[in-house]
Amino acid sequence: MEPEPILWFGWFRADIIAEYAPLFWQGLRMTIGVTVIGITFGALLGLLVGMARLANARHAPARHLTRFLLRWPATVYVSFFRGTPLFVQIMLMHFAVVPLLMNPADGLIVSGELARTLRQDYGALLSGVLALTLNAGAYISEVFRAGIQSIDRGQVEAARSLGLSYRRTMYHVVLPQAFRRMLPPLGNNAIALLKDSSLVSAVGLSELAYAARTVAGAYSRYWEPYLTIAMMYWILTLALAYAVRRLEHRYGRGDTR
Amino acid sequence: MAAAIRVDALTKQFGTLPVLRGVSCEVQPSEVVCVIGPSGSGKSTLLRCLNGLEEATSGRVTALSVPVHDPATDLDALRAEIGMVFQRFNLFPHRTVLQNLILAPVAVRGLAPAEARERAEALLDKVGVLDKRDAWPNQLSGGQQQRVAIARALAMQPKVMLFDEPTSSLDPEMVGEVLAVMQALADEGMTMVVVTHEMGFARRVADRVLFLDEGLLVEEGAPDELFDCPREARTRRFLSKVL
Amino acid sequence: MAPASPRFAFVVTFFVLAAATAAAQSRPLVVGSSATYPPFAYETPAKQIVGFDVDVIQAVASKVGITVRLVNTPFTGVFASLDNGDLDLVISGVTISDRRRQSYDFTAPYFEARQLIAVPVASTVRNLQDLAGKKVGVVTGSTADEVASRTFGRTSANIRRFDTTPLIIAELVSGGLDAAIGDNGVIAYRAQEHKGLKTVNDPGFPKEYFGIVVKKGNTALRDRLDSGLKAIVADGTYARIYRTWFKTEPPLPTP
């Protein structure tokens, strides 16, 4: 027996959403989780890659090494992940790269039953998070690079002339100042990542868009599921934007700009 | 006694533009040397070569008996011994005045924070801005900022101090307070190299004055000699414009 | 504004009607098919759409004297395109269902479809019930999705939904699934591409039928297509096409 349809405002089939509520809640948790992991690791990766792109050395052998081992690979990485669609990266990661490395038959890193268990329980999560992190890292590295380059050269010279090493200069002087200028673009990247995480549903990760797609597939109704997740995404992006504004306010003091 | 700083046939090019064309000079311990010359003469570049902020194109710079441009030199360790004050102050805007002074002694010298703080407060008192210790740099006047910058360099207890046009971005009424601090430092016997346009200060405080023009050391001598009876025509021409 | 002359209005109406009729007679009927569904319809490297559906509609068309033009339309868009007139008919492995009958008209069935399970060769799964607690891949919104949702629970985490059959097969091959369920024609075709897979036939799956879809109320076209289907079955063309694509005799009597 089909349950009696519950209509809101005469057209919104609330009963459909209620029926699939566990999928939406799980989807919400997954979307938040994937976004948090993606931003955290994407920021770390972005910081490293951003610094690699700025790396330089004073003297001959190290000078060439930094160019070939740091600057060029970093540049190629950023160019690839900014220059190809995220959807394509997700499909590549899940159906090509990860199966190559992790496969019950002949995985390069993991094979056998462990590969099967990992793939079944965490496969979509793993490749989704990998693709999102690599993509976010590429964009965030540009934010870091711009942020670092926006700091006046005199700041570095003052720190270096006090005897601070390059690393300490970055850590104590450049990054704290760059961080504040990077907060607004970082916030934008985080919001973009939150929204782009919906693409991961294509590899079967059960986040918000997956829930909507499942409902739409079962009922051929689009308003209810997609309006529902639209509202959930909207609330999440508003919350994220608010958090970024609070951070900016908190770390905004003392900047001479 | 070994010279504090020794420069041999130093040249420096930016791309194809020669900025220093073979400069040799020495600075003795406790000596105050002022470097004067028209803008673009290479005097700031010379100063920045002394602690390795600029690389040399050729020639040698020895500071505190260490070859500055040798790849094997630990430049960080050398720079810890050589304080530098910049034209545009370059205080760290995200740190309070006190934090500006504490950073390097704790991070580089490994001083206990409490000790670094005590030393910093004494220095701030000495340069007359102790009451601003918890202020942010952008809340200070230019003169106060530069005095904090001098104190920040002194907090490392350097053996040599380099000044790169320390009063050039100051409003005229603030020049005096900064020069007074520098004079006091000179009186205590600090080894100082000062690139400056303040001819009065050079005459009053310097032990020796170097005149640079177009990347060459044109003339050097005691202030009275150089200012009152310059030997070179180029020196005379320059002095007639600025005095 | 001056009233338009009635005579002028008549002339215009006449020409518009005449033009429309002429166009309807001379232009080929536009047939939508989602060409990602071998062996029913797929694109060759030369961009040609081929497959069982394609051969059937072309045989039918030539029997009843119409010309058709095939347009590759994503499955998610075929019904909307039919509604707004971009397509005249759809042959794309569409299952005849009561729900769809409310909005569209179907010809008689031209294919008997059943759900088929693909599993790794080592699997001991013998029917749908054996898949309880296992990871099962289906195409979102497909019949297999409906069956799996009904059997294992709509919000079960063990149901993994993907957009196309090749994706669930790829996921099965890479170890992410214990089984994939889909329409027999497609699953059988895909499974024989991978030597590590086999198919399991559960007779408990309900039978389903594919039909050609036309816009609701376009009974003239539907009747014409039905007569064409009858004709190609009668003269053996249908059986020949069936053998070509499925390497087996058609289950009789179809349609």
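Worth a mention:
We just call them A, B and C in the order they show up, numbering each chain from 1.
In the analysis below, a contact is a pair of C-beta atoms (placed from the backbone, for glycine too) under 8 Å apart; a residue touches a chain by one contact, two chains touch by 3 or more.
Quick caveat, the model's predicted, so the values are computed rather than measured.
Comparing the centres of all chains, each the average of its CA atoms, the largest separation from chain B belongs to C.
In this view the innermost chain, defined by its CA centroid being closest to the centroid of all protein CA atoms, is A. Mean C-alpha positions place chain A and chain B at a centre distance of 47 Å. One finds 83 Å separating the Cα centroids of chain B and chain C. Chain geometry summary: the mean Cα position of chain A and that of chain C are 38 Å apart. Of all residues in chain C, none touches two or more other chains. In chain A, no residue reaches two or more other chains under the touch definition. Those residues of chain B whose C-beta lies close enough to touch chain A in the complex are 51, 53, 55, 71, 76-84, 86, 88, 90-96, 103-104, 107-108, 136-138, 149, 152-153, 156, 162.
Within the complex formed with chain C, the residues of chain A that make contact are 19-23, 26, 95, 98-99, 103-105, 115-116, 119-120, 123-124, 202-204, 206, 210, 213-214, 216-218, 220.
Across the complex, chain C meets chain A through its residues 99, 135, 137, 140-142, 145-146, 149, 154-155, 157, 160-163, 167, 170-171, 173-178, 196. Within the complex, the chain A residues that touch chain B are 58-59, 152, 154-155, 157-165, 168, 172-173, 176-177, 180, 253-256.
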